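The chains carry the letters A, B, C, D and E, assigned in the order they are written, with residues numbered from 1 in each.
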Amino acid sequence: MNVSIILIILLAGALVTYLAGNKWASKAAVLFSIAAFAATIGVTISYSNGEATSFIFHWLKSPNVFLAFQSDGLSLSMLLLTTALTPIILFSSLGNTFKNAKSFYALILFMAFAMAGAFISVDGFVYYIFWELALIPIYFIALVWGSGDSESRKKAVVKFFIYTFAGSLFMLVSFLYLYQKTGSFLSVHLYKAFLTPKEQLFVSLGFFLAYAIKIPVIPFHTWQANVYQKAPSAGTMLLSGIMLKMAIFSIVRWQLPIAPLAAKELMNVFIGLCIAGVIYGSVLALKQKDIKKLFAYSSLAHVGLIAAGTYTLTLDGLRGAFLQMIAHGFVVVGLFFAAEIIARRFETGKIEEMGGIRSQSPKFTSMFMILVLASVALPGTFNFIGEFELLYSLYQLDIWLAVLGGTTIILGAFYMLRMFQQVMLGEQNARAFADVTFGEGAVFVAIIAVLLFFGLYPKPIVDFITPELETILASINRFNLAR
Amino acid sequence: MITTLFYILSAITLATAFLTILSKNPIHSAIYLVLCFFSIAGHYLMFNAQFLAIVHIIVYSGAIMILMLFTIMLMNLNKEDEKNKSVLSRIAAVVSFCLVALVLLATFIKAEPQMSRYYASGEDYQSIKVLGQVLLNDYMVPFEFASVLLLVSMIGAVLLSKKEYING
Amino acid sequence: METNLALLLLLAPFAGFLINIFTGKKLGRNASGTLGSVAVAVSFAATLYFFLQVSNTKQPVMVNLFEWMELINFRVNFGFQLDQLSLLWLMFVTGIGTLIHIYSISYMHDDENMHKFFAYLNLFVFFMITLVMGSNLLIMFIGWEGVGLCSYLLIGFWYKNQDYNDAAKKAFIMNRIGDLGFLIGMFIVGSLFHSLDYTSIQNTITSGTPVDAVWLSAATLCLFIGACGKSAQIPLYTWLPDAMAGPTPVSALIHAATMVTAGIFMITRMNFLFNLTPDIQNVIAIVGAVTSLVAAAIGLVQNDIKKVLAYSTVSQLGLMFLALGLGAYEIAVFHVITHAFFKACLFLGSGSVIHGLHGEQDMRNMGGLKKAMPVTFITFLISTLAISGLPPFSGFFSKDEILMTAFHHNKALWIIASLASIMTAFYMFRLLYLTFYKSFRGTEEQKHHLHESPALITFPLIVLAILALAGGVINLPGSNWLNHYLAPVIAAPAAHHALDGTAYMLMGIAVAGALVGIGIAYAKYIKQSAVPAQDNEIRGFAGMLYNKFYVDELYMAIIVKPIYALGSFFKNVTEAAFSGAIYGLGKIADMLGAEGKTLQNGSIGFYLLTFVVGVCSVIVYIFLAK
Amino acid sequence: MNTLIAIAGLGIICLIAEIFNLRKAIVPVTIIGLLAVLGLNVAEYNELTQLAPGSKRAFYNNMVVSDFYGVAFSGLFIVLTIFLVALSPDFHKERKAKLSDFVAIKLFLLAGAIAMVSFGNLAMFFLGIEVLSIALYVLAASEPKNIKSNEAGMKYFLMGAFASGILLFGIALIYGATGSFDTSAIFDVAITGNEPEWFFIGIVMLTVGLLFKIAAVPFHFWAPDVYEGSPALTTATMSTLAKIAAMAAFFKLMRSMNYQVPGSYITIISIVAILSMTIGNLTALKQTNVKRMLAFSGISHAGFMLMVFFNPPAMGDILFYYAAAYAIAGIAAFAVVLYVCGNKGNEEIHNFNGLGKNNPLMAAVLTCALLSMGGIPILSGFFAKFFLFNEVLHTGHIAIVIVAVINSIISIGYYFKLILAMYTQDATGEKQPVPIMYGAVAVISILINIAIGLYPSVLLDLL
Amino acid sequence: MENILQQIGIENYIYLSALLFCVGIFGVLYRRNAIVMFMSIEIMLNAVNLLLVAFSTYHQDAEGQVFVFFSMAVAAAEVAVGLAILVAIYRNLNNIDIDNLKKLKG
């Protein structure tokens, strides 16, 4: 099974969804997203069986660009995340009625298409195209279907777009520069590029700017909380669940192997910023009054740790980052879905207006509780595996990094439980809060099942990604061999 | 002798050009400009380009300037009415004129025209016959293309000036 | 067979949890309670089987399920280890657990969420078993955090009261501070020994492979911080008194008998490691001693019956840590076990009292319950005598061994520990007198309803009282069964002190001290019939003690408040600055745009002027500027 | 050569058709005629492919030269003119009587544009640029009763004539230095290296004149005013056809004559490029009139296009691609602008409020067009910028690429202003039907834009 | 054939043309009367014509003079269109001062 089939399904899905009209759009979208997930599993199986699944086509002669899609452990794991989360995200949106639903669902599928493309492209240029393409749908999703007053939303969304676009362009310059040096955008060629340390520095900074804004790493994060808050939940889930993973994935796929010397040179800066983000995000999360903003800052903290892990350039760090990306993807989607459910019932996002939900809605409380616990990386959940490996990779560099990064488990518990207490516990709320419907419950159960299963048995994923990570580490270390 | 003539003609050219600009009355400007054109025609004659000189007089003094004068008269513009012109812009104009003149002259002086190598071959290159051959053989396409130019300007002038009326 | 049985041991409570959480409401109250109790009882039975087997074979049972985690330096297997130490722990965890489950059937009978209570309790037992059974530190860590979670859930069981929720949250977060230490400790251990398995670490050490002493100290220190968090030692002890917000059975099970001893279990588990780092052992001893004294001092003046018991727990845990620090692991374990008996009994007794008084916890409003609740009184008395360290009750033997060890190591520590013991005797008897003697000081309404608790409550009390009375037999001086039993897991047994004159003298001093404490209590609360003053009348040193040395306030002021302040600072200053920097760029662009707009002033003259100036500058630059 | 004749003939046919009262036939005939001309152009191209690579076909004493570059650009101009002509009848529906004039002028303008890219002699070049300019003066002022149109025409005319003077001066100097107007002859002289220094002065004058035509800073001031004041269709013509014709001519001139210019020349070009990009983009940020905004956007694009001068031999195809991408996106954008502002009398952004709801198709087209200009993938504008940056980097000018990148970022700011208006504001007026030609032009042009984005080699391989 | 440039020198003609050109530029900058501005532009064009003729003589080549014809045609065409625009403006504003044309700005 060729990996490009997933892209075709998603793109066709977007088209069909748009053409299906408002009434049938959601169903078409869910159908296609599930088909994409099935196809991804098919590709994964084919790949595991050693069949050829990659796609390559010489698109442009000058400059030399290949339409190259490769499935390997890394891209497939991210692809699985994407296609697994897409139906969940779509499913979570079904409870709402959107004006112009056909566009909404089509944009979601299109976004999934773009992100999937970014994950599987191994040609830097094609990858960049997909990377940018992913920006357009989320821009419209947040802009048109977002909540809150339209002026501030506009401001936030435009800031987000320009900001991320700005970062990306610097990445493009880096790619172009690399192309001048190697005559190719293909990762296999770029991995072999021997740039001087100074060149690497600039190339690496170009990449970093793009990724740091998208991840986001402080101080490039200011777009995040506002957009997360204003975007409709589906958009927030796409952003936090998949899109920021795209950036971290890209660090591993592009930044580190291409410019390893710079990554080593700047390791302290990168990790410093990321770890600062962990503490900064956690502390700020404590002060948030809006539940989605709180999750946004919590995401800032978690993702900071993931990014820090990648920059350690250790196998543990990279592996932990991938594991945690998947785990965080599911958790954060679940959390935002919970926020969405509360918002649907209470029509507010303000934490202080909530409270006492537990006595009205025990099932929802339990599920939310599990997600909160997963978010604070309780052992037994998938997040713990990732966080453990990440912290251990930091420990390998310096114990104090691990200690500082580890504050996330304290502060994380602090703000999450505080939020949980204020939102769910306490005297029964005056407003009615219906317990979760079957559909909502199914979404939660699916997420929780994934988190718990891989929390206890992460080996399938670990075995799946490790060989590829070792390849990447090998190219990171190519300068050592050369010397 | 011819050098003196050149300088006299040049002086007239520049002076009338200046006067064209500095005259407050557009009619006066036009008259000075005609004079200027005549002096330029004089230059042409000095180059022995009689045909060009005559064409020049006909086209510029005879057609273009008459057109302008006609417009001035038609619109009754023969009054001095540049009241809202600021001193600042005049100064700026003067300064920039000096600047441009200085720069251009300096550049050309610096460029050192190589007149020492100049010699006359004595070949006929500007008789009407030769001009006609060049114009209608070598430059046939531009010549034809100039007709497009004139056509455009004609249509344009009509389009801009014709009174609008509803015509189906 | 062994694997299956071990899994049964482990999963029976988990099954109980699952059934209770999903179908508990439909099952009904009694069924759900019974189910919970049976689940734990099954575990107890399995434990008994293994206990007997291991006692015979002296070979630990190892169960290895699958590879869980893979790191560059080490791999972590999902495996279990049933050896002498873990089985001993399992014995009293499941044993006392069963009793408390039975107790809870009656105690929680009127609560609308009873099935959840049992579900959580079962879950707790499951995690506790995981903690104890795990074959490596990371499995222990699952249990370690899991019991923390259950503690959180159960402290905040009455979730409508936000104060209780605060207490629960506090417990979880303070535990997490310790957990971070544990985590870092694991990292160091993992990278030093390339394994987290107890056996392989021990093998590495015994094989004599050189290990960096500094890192080893760091590792043990970090692990000790973890233990501090879980076992409520200075400076992470303040959560435990607050944790009394939970239902009383929870306090008995989690916050007295089992969970809080996890730290001691862990250190005992890793004793071969701690033995290598004498500095850290000293730290442990000192922390333990100081904790025991401070907690005892605070306990002197508390009026909430459960708070007194809580501080007493902290104090006793301090004594255990003292023993650990002195390398006397068996003795610490001995005290853990006796303490589990009598403290569980005390808590359950206090629960019985609270139950009888419909939720009243303030001792100033009790008194004279001796007649109304005879069974409770007698069991309570036995346990009190045990904790006060009077022979022949179990507490005497275990505590005395600790004091003796301390005396042999360091006189100062011995003095501190002895002081703590005297105070313990005092406040326990103060509690006893205020609660059961004299006349009732509560409302008429309460007095009218005074009654002895039902059999489901008294039965566990009786069993525990018997154990508190006779528990000492497991390690009587001379027989030292426990010491021998634990010998395989303790790398370096504590120096055995002969029952010489010194020993008897020390025993005498200890008993005399306890009697002094009791005597003071008797004089004050029986002879003088004193009743503790109202809150606002407590002044001076007593006030300071009553307010727990203002430690909570101190933590609030130096940790929590600054974090919030930092949050405000980040929110109002840095966020605004970062955001402003970005918007600033936009503003600059906008401003320049506005400039460009004014430049575009519509005047042809100006346009032409710039045109000419442009031409001039180009020409000048190219041709003249050279 | 044939194309040039055919187009001029077509223009005359238009004029004659009006005389014979065949007004209804004018536009269809013109479009069919233009398609036929396009066919002629393709035939010309095919003939060129028969020749040895790099060679060219010269006509009439090297007055008209057809090479790949000229033919490719001619084809692009013809396509653009087809679109512009197709937009005419709806735009001029109030003034049907003058339709033939407008169409004829556009055709002559096209002839001028083609002359500008297929000249072999400066006389042809000069006449071409003058035909183009005069046609545009007329079109700019073609609403005589509208004072804004008058002003636009006057400003454009005065400054254009002024620029023509400078351009002519440059030509005279080049002639003086080389003794010929023929580009190949000039090149032969220039390559010897012993031409007088007037030659360079002439080149600079010529450059300035052309920088004016493409509206590069500091010779750009006319553009926003003229774009705003002119009738929208004229603005469309100016910002697409006229701009790229001037740029193409500029490039052709410089490539054919500018051998061994002083190094400072390239510095000037890069300064102008940077200034154009930056000032254009920054000022566009504050605009509220769409045409004006697009004028500033055009200025910045001129800056981008100027970067091709870093390596003229290699960049012909890239300039062609860039010009095509820009112009086609411009046509699409203007088709929507014409539709939205057709009967509003102004082009303020608020006219676009709610377009996303009222007419999603046109809103989508405009969005795509703007995104293409902003350089968002998969639209061709992105590829254009990408190829350009790639080649510029190849020459080692990394700094200007960074500046260009920053400018791309700024440009998003104002393109999105319009997009925001379409999708977040509520409509003010009621929905109006889309004239079929507007819709068709908008959709077809945006499809072409996307298509050349997906297959850039279609255009890149042309030359 | 005798050639004037042997006596005067091409550079003088270049200077003259340049000066005349500058005067034209000056006129465009100095005056706000559109007609006079047109005239100034004509002066500029004439300066170029003069230069072309001078160079034509210099090179003894007819092309320069032929080019002057085109230049004249262009000048004529421009003036025609320019005056048409001027007339349109005059109809609307009743004067031809270009300082009145400042509506389009910003």
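Here is the rule we go by: a contact is a pair of C-beta atoms (placed from the backbone, for glycine too) under 8 Å apart; a residue touches a chain by one contact, two chains touch by 3 or more.
This one's a predicted model, so the numbers in the text were calculated from it and none came from an experiment.
Common neighbours of chain C and chain E, by the contact definition above: B, D. When chain pairs are compared by their number of contacting C-beta pairs, B-E comes first. The greatest centre-to-centre distance from chain B, using averaged C-alpha positions, is reached by C.
Taking the mean of all protein Cα atoms as the centre, the chain whose own Cα mean lies nearest is A. One simple way to say how far apart two chains are is to compare their mean CA positions; for chain A and chain B this gives 70 Å. Distance between chain B and chain E, defined via averaged C-alpha coordinates, is recorded as 5 Å. Centroids of chain D and chain E (each the mean of its C-alpha atoms) stand 27 Å apart. Taking each chain's centre as the mean of its C-alpha atoms, chain A lies 42 Å from chain D. Listed for chain E are residues 10, 14, 21, 24-25, 28-29, 32, 38, 54, 56, 58, 61, 63, 66, 70, 74, 77-78, 81, 84-86, 88, 98-99, 101, 103-106, each touching two or more other chains. Among all residues of chain C, those that touch two or more other chains are 586, 597, 600, 602, 604-606, 608-609, 612-613, 615, 619, 623. Listed for chain D are residues 123, 127, 130, 134, 137-138, 141, 144-145, 153-155, 158, 162, 166, 197-198, 201, 224-225, 286-287, 413, each touching two or more other chains.
Screening every pair of chains for touch gives A-C, A-D, B-C, B-D, B-E, C-D, C-E, D-E. On chain A, the positions that touch chain C within their shared complex are 159, 162-163, 218-219, 221-223, 280, 283-284, 286-287, 314-316, 356, 358-359, 366, 373, 376, 378-380, 385, 388-389, 391-392, 395-396, 399, 402-403, 406-407, 409-411, 413-414, 417-418, 421, 424-428, 456-459, 462, 466. Taken together, the chain C residues at the contact with chain A in this complex read 21, 66-72, 78, 138, 141-142, 144-146, 149, 152, 156, 159-160, 162, 165-166, 169, 172-173, 176-177, 179-180, 183-184, 187-188, 190-191, 218, 563-564, 566-568, 570-571, 574-575, 578-579, 581-583, 586.
Touching chain D in their complex are the following residues of chain B: 107-108, 110-114, 137-142, 145-146, 148-149, 151-153, 155-161, 164-168.
The touching residues of chain D, when paired with chain B in their complex, are 8, 11-12, 15, 23, 59-61, 63-64, 95-98, 101-102, 104-105, 108-109, 111-112, 115, 121, 123-124, 127-128, 130-131, 134-135, 137-138, 141-142, 144-145, 153, 196-198, 201.
In the complex of the two chains, the chain C residues touching chain D come out as 586, 589-590, 592-594, 596-597, 599-600, 602, 604, 606-608, 610-611, 613-615, 618-619, 621-623, 625-626.
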